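Heads up, the next two complexes both have chain A, just with different partners, chain B and then chain C.
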Partner chain A sequence: MKATFYIARNPAVAARKFDGEMMIMSCRDSTLFTLDEIGTTIWESANGLVSLAEIVASNICTDFDVQYERALLDAEAFAEALAERGIVLISSDPIPYSDLIVGLPA
Partner chain B sequence: MRAQPNSVPDRGIVVRIGDVAVNLRTNDHAYRRKLRNHYKPFVGPMENAEFSFDIELTDSGINDPEDEVSVKRSSSFWCFQRGDFHAEWNMASNTGTIRQSANLYSIDAALRIFHTVVLAARGGFLLHAASAIRNGRAFVFMGASGAGKTTIASLAPLDATLLTDEVSYIGSDSAGYRAFGTPFAGELAKCGENVSAPISVVYLLAQGGTNQIERISASDAVRMLLANTLFFAQDHDLIRSVFQSVCRLVDQIPVHRLTFVPDACVWEDIV
Partner chain C sequence: MQEMSEKAFELGIPLSVHLDITYRCNERCVHCYLDHEDRGELTTAEIRNLLDQLASAGVFFLTLSGGEILLRKDFFEILEHARKLRFCVKLKSNGILIREPQAQRIRAFGVESIQVSIYSHRPQIHDSITKIQGSFERSVSAIRFLTARGIKVIIANVLMVQNKRDYAEVRKMAIELGVDCTLDPTVTPMMDGNRSVLDLNVDRLSLRQVFQDPFLVGAPEDIRSTPSKPNEAELDSLPCSAGHTACYVSPYGDVYPCVQFPLNCGNVRFQSFSDIWRNSPQLKEVRSIRLRDLPSCSKCVHGSACTRCPGLAYMEGDMRGPSLQDCEKSYAITGISSENLTSKPSHFPPLVQIQ
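And then the complex of A and B:
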């Protein structure tokens, strides 16, 4: 799953932005994650309907001094790491909000 | 929902910490007397108990208090356990049982865990912190073991009212956050006063060569508060609730780092 995958914030996690850093608490194990500016931009753009490649091209490369190919590789690794922790969901297809709600833990 | 009155009213004592009143019932007269003495400032009228626990005293199957804490929910039933106690609580009836040996250490631990769960659902939390009231405002001093909680509590001037030297009860209402006294004592081995006040400042404690107060960033404040929050339950809704409560507190109340020399002069800046 590369380049065209879609990323969506998991509505089951608690998140709050302070001082430009997104702080995210995993509701699965209480682990606290802090995202840097680029991570925060990806998180805020992760609505499930825009691909990660588009996020990198439209929101990362325009606002930060990074090269597209390198930024995309880093963004993929970042998204996969968050997905492993249940912080985001990733899919080769767009992820409608209704699908996120269905996937929430009881 | 309130617990039904006891069929044998004198079996229990009601311990009210913050706005949470728990009826602790036992058939053992000697242990009940110990409880009454231990929680004395917090013992309240029987009719106000919202929760009720039957305490079963036993030495069978009771092990090391250093064992890991487990706090789990299945439907409306909670199970809290450690090596030295096993507690069950039915949220639907607000009743439960605690199986433990006849010591105060175990009931204290069971009560702390119970309060973390109840408080989380009510927008509050227990914080590893000393706290005291001065001039009608509460000051909270958080920190890990060795940071100076007991030291700062023991240096408090006569006009300060000590709420605890170990575990602070942070409650919220429409007016904001308040600190309440608790019987959960640290090295001072002394119950806090059963009073409360709106929180003025939360300090992150560090001992050093000079007295110094510095504001810390909101993100660091959240990190430090979460690191010092007592919470054990693996429950999605309550974890989210605690996180949101901590964030709201940081929105409303300044959090500073207090580096201090262990001397009573430190209280000159805490007013």
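And then the complex of A and C:
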């Protein structure tokens, strides 16, 4: 299992929740992504100050009745995929709010 | 995107809103459909509040336009608030006030794209349309500043008598600048009903040449298929997204189905946006209309392929009627007259006076 990392919504993307699912558009290339219910829960919890492990334990396992270890592995792969596309920022340390202010280069 | 639109339609969500933040402009384009007076624009606080309401209502795509958006001193404050609410923001501007610092700020706020108006590759023609000497150079410079910052730029051109020979060169210029280009083939009436600007429209033959130009429209045989009257499924189709998943808000807070459909459905200064969107009698009427409800167009050979604008039809007197300008486009594409063109006498119908 990887060391815990922190995840934050990238302020450079556009996002809106439709019918329980997040629609996210990358401003990098205007690609549109849809997150399912679990992905939406991770996205909404990704404030940069709560670790992904904590998000999984507190939100995913309780809300979706899944085993922690498996859920964390999936969540890490999911977060890394989103980060590759510029949808989220990930770091081994908490990501302060000041780094997330719109108007600063992302 | 198609899936997103369908879901928004099913849920009754206004996916896209076009918000004009001012009608003031630093150009005086001969074809413009707006007057440029300030009759009491929404304040910064009112716009911020409106944006909050739009986000709550589910709006995703937000187009900020005018007039000229950068004439608002609070433009970047508005943009910042819009981006904090995570709208996908598209801008429309003439670019005259965009230099390096503005391009940098626009880039930093993560705008999806910006549309800049260019009417000709020839500066003197462009400037004669905008009525501002030097506007061509300023607008092209703006495009360079924006593209240098990696911002997606789209050149918007409008076909009219003055520039009818230049659209291909404008497209080439766009390619050289590394940007996309759109061409609106017709000038539309002013929002107050004044129809005099329609005299700027090119003649029928020139319009036909545009729609036969493979450089613009692709292989003619691909787009010029034999038209046919709409089938049963097509008769239940929507005219367009106006009022269904999209709407327009004026600088004075008036809500219309579309910028080109000036049917006043309510005002956000007096009513919440959600209340207008859900309960406006005018929007309900617009939403009730299907192709089968259009007496002329439902029988027309172009009925299923025509790009009929219900707003233009409304401005010609009947939102269930045909739009003469779209009849002309269909004729330009196919060489076949519409039901409207073949049945009507050749005069313009009386205008709806917009109060």
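We take it that the second predicted complex is superposed on the first by the 98 of 106 C-alpha atoms of A that agree within 3 Å, B and C clash if a C-alpha of one lies under 4 Å from a C-alpha of the other, contacts with A are read in each partner's own complex, and residues count from 1 in each chain.
Rule of thumb we're sticking to: a residue touches a chain if its C-beta (ideal position, glycine included) is under 8 Å from a C-beta of that chain, and two chains touch if they have at least 3 such contacts.
Keep in mind that this is a model prediction, so the values were computed, not measured.
Novice: Applying the document's definition of touch, where does A:Met23 land relative to chain B and chain C: first, second, both, or neither?
Specialist: Once the two structures are laid over each other on A, A:Met23 reaches both partners.
Novice: Scan A:Pro11 for contacts with chain B and chain C and give back first, second, both or neither.
Specialist: After superposition on chain A, A:Pro11 lies in contact with chain C alone.
Novice: Touching A:Leu32, do we find chain B (first), chain C (second), both, or neither?
Specialist: In the superposition, A:Leu32 contacts both chain B and chain C.
Novice: By the touch definition above, which chain A residues appear in both interfaces, chain B in one complex and chain C in the other?
Specialist: Common to the two interfaces on chain A: residues 12-14, 16, 18-19, 23, 25, 27, 30, 32, 34, 105.
Novice: Give the list of chain A residues in touch with chain C in this complex.
Specialist: 11-19, 23, 25, 27, 30, 32, 34, 102-106
Novice: Can you name the residues of chain C that touch chain A in the complex?
Specialist: Listed in rising order, the residues of chain C that touch chain A are 1, 3-4, 7-8, 11, 13, 55, 58-60, 80, 83-84, 86-89, 105, 107-113, 152.
Novice: Which residues of chain A touch chain B in the complex?
Specialist: So the residues of chain A in touch with chain B come to 12-14, 16, 18-19, 21, 23, 25-30, 32, 34, 105.
Novice: Using the touch definition from the top, list the residues of chain B that touch chain A in their complex.
Specialist: Touching chain A from chain B are residues 217-219, 222-223, 226, 231, 234, 236-237, 239-240, 243-244, 247, 250.
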